[in-house]
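Paired with subunit B in one complex and with subunit C in the other, subunit A is shared by the two complexes that follow.
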Partner chain A sequence: MNVESSTNQTQQSAMMAMLASFWFEFRQNKGALYGLIFISILAFIAIFADFISPYDPIEQYRDVLKLPPIWAEGGSWAHILGTDALGRDMLSRMIYGSRYSFYIGSIVIFFCLTIGIVLGLLAAFNRGFIENTIMRLMDIILAFPSLLMALALVAVLGPSLENAMIAIAVVFIPHFVRLTRAQALAELGKDYVASSRSMGASTFRLMFINVLPNCMAPIIVQATMSFSSAILDAAALGFLGMGAQPPSPEWGTMLADARQYILSDPWMMGVPGLAILFTVLSINLIGDGLRDALDPKMKTAKG
Partner chain B sequence: MSETMKNVNAKDPILSIKDLSVSLPARADRPFAVENMSFEVYPGEILCIVGESGSGKSMSSNAVMGLLPKPHVNIASGEILFEGQDLAQISDRQMQSIRGSKIGMIFQEPMTALNPVMKVNKQLEEVFNSHHLKLSKKQVKAKIIEMLDDVGLPDPSIIGNSYPFELSGGQRQRVMIAMALALEPKLLIADEPTTALDVTTQAQILKLIAQLQDKHDMGVIFITHDFGVVAEIADRVIVMQLGKIVEQGPAEQVLNRPEHPYTKKLISTVPSLTAKKKEPVTADVVVSVKNLFKTYGSGKKSFFGAPGRVVHAAKDVSLEIRKGETLGLVGESGSGKSTVGRCIIRLHESDSGVIDFHGQDLLSLTDKEMMPLRQHIQMIFQDPYASLNPRRKIGDIITEGPTIHGVPKAESWKKAEELLEIVGLDKYALKRYPHEFSGGQRQRIGIARALAMSPKLLIADEAVSALDVSVQAQVLQLLDEIKTKMDLAMLFVTHDLRVAAQVCDNIAVMRLGEIVEYGPTYEVFTNPQHEYTKSLLEAVPGKEWVVPELVFD
Partner chain C sequence: MFSFLFRRMLVLIPTYIGITLIAFAFIHVIPGDPILVMAGERGLPPEKYAELMHAFGFDQPLWKQYLDYVGQLLQGNFGVSFVTGRPVLDEFFELFPATVELAFFALFFALLIGIPAGIIAAVKRGTFFDHSLMTISLTGFSMPLFWWALLLIVFFSGYLGWTPVSGRMSALYFFETPTGFMLIDSLLSGEEGAFKSAVMHLILPAVALGTIPMATFARQSRSAMLETLNEDFIKTARAKGLSPFRVTIVHAFRNALIPIVTVIGLSVGVLLGGAILTETIFSWPGIGKWMVDSIFRRDYPVVQGGLILIATIVIIVNLIVDVLYGIIDPRIRRQGH
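And now, the complex of A and B:
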């Protein structure tokens, strides 16, 4: 019994030590730390939007159209960030909009990871025809400018947020396939894989139990970076009217709605624009920090 | 040798190190890489520094060259006197002018030490240019040809015009030596310069270094882990352990009458080159390989019309291994010895031939039919760092095989505990990860993993080549115990003839995919028939040195 508990303790302490060293490395990157704080606050806002938001995001207050934010002349405490052209409360729309960002990022990354990893592993394990087919297909997707490709896909599928996410995922998948394949090929050459093979391990076992865990570090970094790109691309599609449709308070769509007032009421574009900027920046900073902590090979030299 | 010794001591030392300590960063396993080290190097002598990995032997030479990985590792105290200057005190700039011109250095990996995208000529030119010697282009060119000729390279002008990848390992190392000696340094530091080379090439390079040292009357610091090499070329020897010098003296004395217990232990673990006469094994044949062929590459032209290249890794290979027998498969790199092992276990598909395992031809089986047979043939790999999955616990690694073959988890874990005990590890190791273990311990884990399948045939692919000599001895002993206890047949693939002489019952010598000599170990070592075998045996470093029988007090 003593033995059992002591091994459990050593195991726990080993886990703690690994986490501690990860956190130590991550913390070295101040930018990543600030990014993490910003994203944590944003996540909190997104989760508790129902309680935080002062108004309903799509209710129109006809008596206060285009009200400026509190710091500008004519601002009012009733609508801290002002109202848009239809009298909807900007703050509430921003708060609900953060939900869309996380929704888009998570779903896109989920598809990218599952499909990208499976295709990448398939390519790495089946050199020859299957590999060539998969990789050339990916090359073709990569040959198109990504936003143009996404636009074309949405045009075919029909403009909606869900279709925009599918289009963005399709555009991003090749990066994951390439990365997974390259990582898996490097691991396949190692003797631990040969050992498993010589024991008669099935391909499935080799792929997911032996090889994949050793490929994860750079894939996680790529996923983080793509998370922000997905938000950005979704905003771009929204701005072009191909993403989330009005009246949903998605940040890119809000930009599109405010476009015609850019000269008269610039805050209407400024607020969602800045929100997108800081969110994407924070996630990229986190990605950099993760890279330093998880994947020392890709670390950039510090000058 | 004793005569040169006298001459040597009459002169002043070129380099004298006094009380040198090199500090390591705070999180390292010991405070100093090198502690209170003092020694001298005289002109015209070869001083060997020998020790196991982590003994600080390379750090001491890096300190002399000013190549310590600063700022983490620093000279804490002591003097490095070279031509009346203390190298520990001078600036980086001053050091640069000494490096290369007065002290030359050769490294272990000739491929990484040469710039891969620069022709040999250019790299040699750089040596001259960086020291502002004011030689004309013509003079430099003539000098380069002379140097390349000096290190025994044929056609210096052709070699000079090649890129490093066009040269063989031995040629590259010769170029490295030419570079190091370009400006006729007084001191040459050679850090394991032959470790990455084949045994015949190694013999040539060792001879070359000794010749050049004699010709230029240099002092040479030769760092190595191999006592055979020490016996081959050393005038004086320094033995290091954990950053401290434990013994120093003339080579003859240290090798044959060592005093310090650590030196004794190291020397006693060096396998002797003389094979013992063994009773021939007459038990049942476990595996017999007949006419095995395997080629790499294809004869087809590539898409752009470049002709395909074919390498014969196995050409008409036939051998058999009996129960309780160890067959040594020896040869230099590229001889196809590992390929044969991997073909038997079907990690590589063979082109043609028969591998008869207990009456079944393994090569004619489909993957599915092969599956139940896989547990009978197991492999131990060379690199203990790459052969264990870093993301899985030792327990999962050892029980993977049995799990695949349907053994219940509780049972296989219980067996894994027993196996760890057999290979000399604590059973708590099961819940830990590979990175927590040393190279020797990992190799034990690899052995436990192979044994978990209760194999009948064990293929050891250079299983002890990456290990320090004392650890090597332990692992070899463990393998021998296991073999006897479990009555295994073993295919022992190695390039090290000393190890083969001690371990194997029979020996097959391979060259370019062919077995050129095959017979009982004792016969092959005492009376080699084939020219190639003779040249291999001739090239073993320190072959004239008989490892002494030491008495431990």
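And now, the complex of A and C:
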């Protein structure tokens, strides 16, 4: 048993204690717990879509067009949620659609986190010209309503799900840059940074090893909230025909398909809309829970 | 105050250069030759092509094109629509009142319900009302706007048959629209029933568009009120024996206004973005639908001009919010930035 491994052990147990206290705080928030349960189920469905789904999501069953769901008159057990105007099984489309939500959310957040954090840290560590350039650039992006900017970007790049995700990431990044910069600036004034610097730590080390971990709590919360906004915006772009293209079973695109039948067959838009609502709501609830658990200072005044 | 405004405006210059650069870049990065796109499937004879290239200035070096473009913008020339052949600025001012009318009533609806609900929730903290309101507002906050709008149509237009599905005015009425605001114009026209028709057309889109800001206002005013209600000056005011109503509204609410005004200012961008979806769904002839239609029609000068004009609105609103801070909180004004 040497010294190094015992420090490792101490670090590990400290980590465990942190996780335990985090989980204790998080559990206090009932809403966040329900959100987590819903998202876990959805993740399970998305992963095992191939096994759960009763039909192929884009196969058209031409003899059962616009079949109502099981609880409505004329529904059939063969298609529990009914079929759409082209005879595709709604349940299968919903199941495969859940994959898109995770795909969109994760990719957008990945870009937002990497680019947003690097630019934010660069701005905080290089006050003056670099900082001004980065921050003014972000102001410019923020001067456009995000959906409009995303639409214009997709118009340039061409309508597809991947381009919609790039566009959404671009309009979300400024929020991450501003947040990271503000957090980093607050940390830079603290003693531990000065002592690290006096011991000769490189700027790179200061940025990513010393300062960044202490800025992460609000960034994680922002990332969670942006995950849900990304799903909403991608669905909106899909709805406008600028996101996922038919026949992909993306929920927003499904709503666009259902739109022309809203007065004759309103049930068609019920399920995809509810699915988007519950997914987004669950993630927002988790975000609220994370905020309370990660940083007691940010705790929203609760009853 | 004026020096504050002046400095605030100076910062806008680089932002504006960036905005014009983005709008300028837009027409140069779109896939394909803009002239060929404009010509469509039929194609163009070469001499006509060269003539158009020259007319739009596409044969000039890029930096010169940009300077020319900014020069034109400064003279109020935002280009001409490929589709209608009309100046972009004219189209904008024709459609803008429709969006203002919609956004104004959406904001009105959101403020009217969101802020009182937030205040009551803060005062009655921890009660059933508080919990239900927070649940409802988080749901509103997570609602896909376009789905919510469709639900409203299905229920109020389809099932109950109370409101029309789309547009701003019933086809039964025909009158001049000098102001562009349908509620005012219908009253001025003196046509019987026209005003009612305008109101009925406005209600659903305004409620749909106002729902998400309403949820935000309720949450924000609740947390801002909770913070001020804990302050010492509130305890003093209570101890002096002031009525609970006076303490809540005059003492607490006034001090909670800053964060509330901030979200109201931010919500204007949200409203303009939401107007894109709302106007498309309700066929509301405003600038949101105009932008979407232009993107689909590849009417690039309109998209380009529209981007700048809409960004200008957002910037002006942010400026107004900053000035409002000074009015609400004299401390900010005196700091003199």
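Everything below uses one rule, namely that the second predicted complex is superposed on the first by the 289 of 303 C-alpha atoms of A that agree within 3 Å, B and C clash if a C-alpha of one lies under 4 Å from a C-alpha of the other, contacts with A are read in each partner's own complex, and residues count from 1 in each chain.
The working rule: contacts are C-beta pairs under 8 Å (C-beta built on N, C-alpha and C of every residue); 3 or more make two chains touch, one makes a residue touch a chain.
What you are looking at is a predicted structure, and each value in this text was computed from that prediction instead of being measured.
K.L.:
Aligned on subunit A, subunit B and subunit C: do they clash or fit?
P.N.:
Result for subunit B and subunit C: fit.
K.L.:
When the two structures are overlaid on chain A, which partner does A:R205 contact: first (subunit B), second (subunit C), both, or neither?
P.N.:
A:R205 contacts subunit B only, not subunit C.
K.L.:
In the overlaid three-chain picture, which partner chain does A:R197 touch, first (subunit B) or second (subunit C), both, or neither?
P.N.:
first
K.L.:
Name the chain, either subunit B or subunit C, that contacts more residues of subunit A.
P.N.:
Partner with more touched residues of subunit A: C.
K.L.:
With subunit A as the corner point, what is the angle to subunit B and subunit C based on their C-alpha centres after superposing, as a multiple of 10 degrees?
P.N.:
Vertex subunit A, arms to subunit B and subunit C: 90 degrees.
K.L.:
Between subunit B (first) and subunit C (second), which does A:F111 come into contact with in this model arrangement: first, second, both, or neither?
P.N.:
neither
K.L.:
Go through the superposed model and pick first if A:L147 touches only subunit B, second if only subunit C, both, or neither.
P.N.:
second
K.L.:
Between subunit B (first) and subunit C (second), which does A:P213 come into contact with in this model arrangement: first, second, both, or neither?
P.N.:
After superposition on chain A, A:P213 lies in contact with subunit B alone.
K.L.:
Least CA distance subunit B-subunit C after superposition, rounded to whole Å?
P.N.:
So the smallest C-alpha to C-alpha spacing between these two chains is 5 Å.
K.L.:
Residue numbers of subunit A touching subunit B in their complex, please.
P.N.:
Residues 6-7, 10-11, 14, 190-192, 194-202, 205, 209-210, 213-214.
K.L.:
So in the complex, which bits of subunit A are touching subunit C?
P.N.:
Interface residues on subunit A, with respect to subunit C: 31, 136-137, 139-140, 143-148, 151-152, 155-156, 158, 228, 232, 235-236, 239-242, 252, 255, 259, 262-263, 266, 269, 272-273, 276-277, 280-281, 284-285, 288, 300-301, 303.
K.L.:
Give the list of subunit B residues in touch with subunit A in this complex.
P.N.:
342, 345-347, 370-371, 374-375, 377-379, 381-383, 386-392, 397, 400-401, 404-405, 428, 431-433, 436, 446, 449, 453
K.L.:
Which bits of subunit C are touching subunit A when the two form their complex?
P.N.:
14-15, 18-19, 22, 26, 29-31, 125-127, 130-131, 135, 138-139, 141-147, 150-151, 153-154, 157-158, 165, 223, 226-227, 269-270, 272-274, 276-277, 280-281, 291-292, 295-296, 303, 307, 310-311, 314-315
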